[in-house]
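The chains carry the letters A, B, C and D, assigned in the order they are written, with residues numbered from 1 in each.
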Amino acid sequence: MRMTNRNRIKAGCFFTGLLLLLGGGICAFGNTVAISGAEIHTMDGRIWETGTILITDGKIVAVGRDVSVPEDAEIIEAGGHILYPGFIASSGLFAPGASENFESFSPDASAADRFDFYGDYIRFVRRGVTSAFVSMPADRIIPGKGVVVRLGSRGNLSSLLKEGAALNINLGREAVLPPMTDIFPAPVSIENPLVPSIKQFPSSSLGGFWLLAELFRPDPFTGELARYYQNAANSLKESLEAGLPLIVRCREAAEIRMAIRLARSVGMPLVLQGAEDVEEWIEILKENDIPVIAETDVTPNGQGHSRDFGEKEDRWSMTENIPVLIRQGIRVAIVPMDEDGLPDLFWITQYFRRYGIDAEELIRTITLNPAKIFGLEGRIGSLSPGKDADILFFKREAGAVLPVLKKVMSQGLIVYEE
Amino acid sequence: MTRWPNLAARLLSAWFVLAGICAVAWGAEDTFVIKGAKIFTSGKQGVLTDAVLLIENGRFGKVIQNETGLSVPVKDYSGKTIMPGIVDAHSFVSAYYRLLENTDVITSDLVAGIVFDPSGPEAKHALESGITTVNLVPRSENLVGGISSILKLDRESRSLSFMKKQAFLKISFNGEAIRSDREPTSLMGAEHLLSRKLESMGVESGRNREGIFPQKGLRSLLKGDLLPIIAASDMAEINTAIRFLEKWRMHGILVGGEEACHLSLVLKEKGIPVLMSPILSAYPDRLVVNAARLVREGVTAAFVSHMPEADPLSLRISAMMLCHHGISQEEALKTITCNPARILGISDSVGSIEEGKDADFIVMEGDPLDLGSPIVAVYVNGKAVFTKGN
Amino acid sequence: MRRRFLYPRLLAFFCSALLFFPLLCQAQAIAVKAKKIYTVSAGIIENGIILIEDGIIQDVSAGPEVPWNVEVIDHGQKIIVPGMVEAHVARGYDVANETNALTPFVTVLDNIDTSHDTFALALKDGVTVLHVMPGNNTILGGKGAVVKTVGLVVEDMLLIPESGMKISVSGTPSQTRMGVSAQLRRYFSETKEYIAEQKQNAREEEKMVSTPGSFRSPERVKYESVADLLKGRYKAYVYCQGPSDVVRAHNLSETFGYRSVYLLGPECYKAADFIAEKKLDVMLDPEFVYFERDPLTEEVNKIDVAAVFHRKGIEFAILSDPDRAHTRSLSYQGMKAMSSGMSLDEALKAVTIIPARMLGADNLIGSLEKGKLACFSVLNGDPFKLSTNVEYVYIEGKLVYERAKDEELQKLLEKKIIE
Amino acid sequence: MRRKLIRMLRGRSLFFAIFLCLFGSISSAQGPVVIEAGTVLVGDGRVMKDVFIVIRDGKILSIGKGLPQGVALDTLDFSDKIITPGFIAANACMDVVKQKSEEGKEVTPGMNLLYAIDPRAEDFDKAWRSGVTSVYLAPGNRNIFSGTGTILKTTGGTLQDMLVRNQVHLKMVLGREPAEGNSYPSGRDPFHLRNRRPENRMGAVFIIRYTLSGLQNKQSVPEEDLTPEERMFRLVLQGKVPLRINARSYMDIRTAFRLMEEFGFRWILEDGVDAYRYLDELASNDIPVIYGPVYKSRGREDFNRDDDRYLSRTPVLLAERGIRFAFQNNDESPISSFREEAIYAVRLGLSRENALQALTLDAARILGVADRMGSVAAGKDADLLAFDGDPFEPSSTLSGVFIDGKHYDPNK
């Protein structure tokens, strides 16, 4: 069993390397680019009114007002532009109409197996979303690991930024009563009559909580699950040892409590997703520095958002939680509730300015905060030396409420230009 | 080695100091005196008229004649009545749809408490109608639903206030547990399935175990750490339940028990208490008579509300109906306060207004068994968790 | 039920095959003479003669001395090409797949319907060998078989009984790629465990096999076939719908160490670089043309898949699909391949020796040279011309099709003339 | 309306029962009761006139002309009545269980009806009011081995008091009933209960062979290593527990004989509608037959419809061959008309002695409780019936019932 797992890891690395190679093939090696005269918002606090960014081999070398530009450098004159780091979509399936018909307990499944690296994601890139966390579906209790990818556009291949970036767990009502599989252990015959196949699990959050509590004990339990899901159990153990962040999708107080208990019991970084009832837990989140991936139902097509009243009459829509969380200083990453809204990340974040939140802070919820959540702050999420040059060129235009995206640079290459 | 004792002593003293501080801190909050009210202690003292009740650190103190010379806040409830907080010994409150795990018929590992949502609207509703302690049980659709937990209904959502986290094992010989599309499809099948499972507990282990669950609950049932609470309503089911308890030499509790009165002699001699369904929930005509008979013939009986299947108010209504069938008011009151507490084995802390018990009580306008008298305030551990108006 | 008799049945195949060889082909040797012989291996031979004995080619050359007792069949001005080979056919039976997603234990042998028109049509077209496979809708579809296109019972047609395992990594309507690959990984690693266990208690294994009709344990049934795959007894034939599937499938086969042949969907042209780099065995979807809509500017671009692969210098096998008019027959597919830039020689290779190599049967079929089975068709013109017809088809030296005696065809033609 | 009636009946019978409990305890405390009987049909064919039956603690102390001396006696006068033993339904079909069979598996020998019976069901009332003092209740026909049967008295307080003997026979059902409804999961969800074999007679017999032969292979296994089911089967194969085979059609009866030759178990033919076709075999292997209802033979599926003379004359034929048989009812004939079975058989030519024997002693013998009941004899349970006329005359009514020595009035 260990053997096969090592194989899998090896395979994973191979896969990653391969795709990086394919992706990197197109990124500009050896040349130096300088973007000058732009207003630079490096999301780690600094804002340069007019500054220069120096880029070599698709990585940022220097940022500042007076950066010495080598003479062989290609200069991009960006006067009047506002530079932001590339946006990060913190959650999304990127598989239209994907209904998972698979075991409810499959931590060995990886989103890298589903994501189409040859796909054309220009509709995201042209709206500034240069990288995304490909998450796992919500209809299983442990659907598996998500990956962070850099969305390739026209002509260049998407590439893996991080395989196994986080482990998705669903405590919400979506994971209860999952669709059934009919995988029979063996063909039917008279000496081997039909045995019912692996039954999906759980049918209630009672069972789900129990399962998780059992699984996250030092020795995952024996029994039928162990028999059927030996690999799964091992791979879960591995990802626990690797200390992946747990992204727990939950809604109600009981579920949030469970999530926190869970993360404490295994001492792993926790990220809440959804979490409508979070307002009772803000102190705890603050104490333990637990970030939240906040799903909002704000959509750019006019009708704004709708309050949903769940079983609690005093339930808030998450949309109204977000400003509270941000003011309380909790790290928030904003994503739209339905995936079609993903290209409009910028618009959606700016919506929250009506609650009197600083625009800079809102941009951070789709750049640096996600980067930190997925442990990629060393590569993406801000404009500082050493990071990949995923840069968005905005421009303020007369009559437009929000600045307009003009160019998108990914790894030092202009991948989209209006 | 010699340093240990005095170290321990130091620790101890430190702890005392801390405790003292805390006590003071609390004392400021929930030490007070109640005067002027008519108090139905469903305990030895019976009914007290305009007595002064001292409550310190969230517990009932002694009953005194007048509050003069006490430097504690006084709450004047003159004209009101006070009864102990209602104990609901079988409830799905605020976790109904989470308490049924369909994956297996015997799911004895599941602990009901962890899915309870104290800030839910049902919990609020229950509290506002006087229920301060609930025994949260798994649903009756499974043969063995899981382990119930007893908890206080204070609207504290950050941490659950358990009285007992693992209280009883819920077994159901009820009609609900018998379905035509899976085992068991019959009552005898249900009993057989459960007995075989219990027999096989010792033998099987590791890989050749059937089913997803390791069934810790059944193991501790065999060890006697857990007592069964068996759902059985009609004669056949109650018979089966009794035979099952005999066969495995266990003490247990019956819940439902609409026809239990016909076996009251047996129940009495075996000392099996019965948790009766609330009277509003089914045919009243038969149920009231049966319930009254059960109480009259001296079986330890209590009313439960299978919230949210029945309204929390139905507890008081059931007790009231008993009065109409010749049960004294005190007896009737006991079926929702101290009897359930005794059955659940928590009567040393809740269930009646006696010195040293938790200060869980309800303040009402008029008579406790008169629905016309609305609830003014509900106290849990001496804290007012609900006050009428705000 | 039938699974139990698999082993005896396999033995039966071999025996019967041995039995049938002499019956199938004439006892005495023959020599077939024609104007042009396309031996795919050794170029074109003008006025060549093929010497055949017991269905095996003895010699192919221009004017060898023919022994006195050999009957010479002179086809005059006709042209001989090797019998075509179609390396993946999901036809020749009623139902293509089990409902169950993981059925490696089934074999297409139990399913083949010898009277299915697939074989007749293929024969008319000059296709002499088909690789019949389960369909694309299941993850582990089962085992296929390489058959000739004539025979009354499966045993006659059989060339290779268990020729490969059908795998589909692209997901079924109800399952996404992720679930599929996770399930495959699980199945394979469980099978590895199983193999290890088998090694430990090998002895009673043999006993179980030897006792005929012994009840087989579910484990055996479940893992045997995949174990054979992992032991390398046959290749996997992997259906890849999209380009990333190819990468994924290759990754999987690297991980678990089995050889595989890839059945590419049209969109896979995007992965051409990868395929060229890794030198994978690939077969193209019958649909050579792929239309895709640009997500940004919603215009439609047309891609000639075969051309792309040809430009990248990738050798591939061509498949046909009679359900669609424009991909009906293999020869027609060959013409299309030529239209997208391949030379006649390459196109011919793509339907003969390359698929034969993929099937691991290039020592038997795929070209006309000494020692191979005498499977070839006689044309009235150069191959891959619209005017060209298949006049005769020989399989193992036996004349199995004759255009003049094809009643259906004749009727058809008459009808045409009348109308 | 009907519902209300039932509830009323239940209520009344219950109060009645409780009253009787008290009364019974008092009377047994008081000492023996004496019945002054005009005629006694003992049950084994003998007839006694003008005797005293002395009952103490529910048992018959003595029966004879004289009375024991020195005991305080309270005498019940039945001098103008005919006393017979209580009737025994050797296979009663009563509405006292909600779900008669556990359909989770095909082979459920562990099933025990005692865990499902409702002692307050009105069918018990009907039974004792029509003279049936003991019944044999078994699980239904939906399994191949559907479980063991139970013998109960038809009244007397709680189930514990009514129980005579438990786990009497193991029931095996031939024919297609067990297989009905089973199928493959075609278009059905894969966890459905019915996705399994057998689907026909053949499959059912396969499962029987599979089970029993599996047990034969386990001869050497010690007792304690077996599961309870396997222990039960071992008892059957050792002949300690007789197998009761429900075989309606002639082909099923033949199958039963074949299985008997293979595995050599003792068996009893239940619901033997076609028994008249195998009189010789039944007689030579002396296999008891439980037959009925006599007067209603049409409307049963599953066996070829022969002409009814044979069917309703079956008791006579059995009696002629000296094959031991008892009566049963089925869901088409209520237990309250149990006596009519015998009456009809008598009308078709069965002798009164045989009829009474079939109703009482032979039934007790088949059930293996002849030491406790079945005839009016010292030491047996005092289950007696008092008729004011010939029990086989429809006109004569039942005027008194004794169960375990307690006197009930059936007409109250």
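Note that in this section contacts are C-beta pairs under 8 Å (C-beta built on N, C-alpha and C of every residue); 3 or more make two chains touch, one makes a residue touch a chain.
Just so we're clear, the structure is a prediction, and the values are computed from it rather than from any experiment.
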Suppose chain A were gone and every other chain stayed put; which groups of chains would still be connected through touching? B, D | C
Going by the contact rule set out at the top, which chains touch both chain A and chain C? none
Chain whose mean Cα position lies farthest from chain A: D
Where chain C and chain D are represented by their mean Cα positions, the distance between them in whole Å: 70
Centre to centre, by mean C-alpha position, how many angstrom separate chain B and chain D? 46
Which integer distance in Å separates the CA centroid of chain B from that of chain C? 73
Multi-chain contacts in chain A, i.e. residues touching at least two other chains, fall at 182, 184, 190, 199
Out of chain D, which residues touch more than one other chain, so two or more? 191
Two or more partner chains touched - positions in chain B: none
Which chain B residues qualify as touching chain A in the complex? 95, 97-103, 107, 109-112, 114-121, 138, 146, 157-158, 160, 206-207, 209-214
Quick check on the complex: what are the chain A residues that touch chain C? 1, 3-4, 7-8, 10-11, 14-15, 18-19, 22, 95, 98-102, 106, 108-111, 113-118, 120, 122-123, 126, 136, 144, 154, 182-187, 189-192, 230-232
Over in the complex, which chain B residues touch chain D? Could you list them? 175, 178, 180-189, 191-193, 196, 199, 234-236, 239-240, 243-244, 259, 262-263, 266, 286
Provide the residue numbers of chain D that touch chain B in the complex, in ascending order. 7, 14, 97-105, 108, 110-120, 139, 147, 158-159, 191-193, 228
Residue ranges of chain A touching chain B (in the complex, touch as defined): 177, 199-207, 209-210, 213-214, 221-227, 252-254, 257-258, 277, 280-281, 284, 311-313
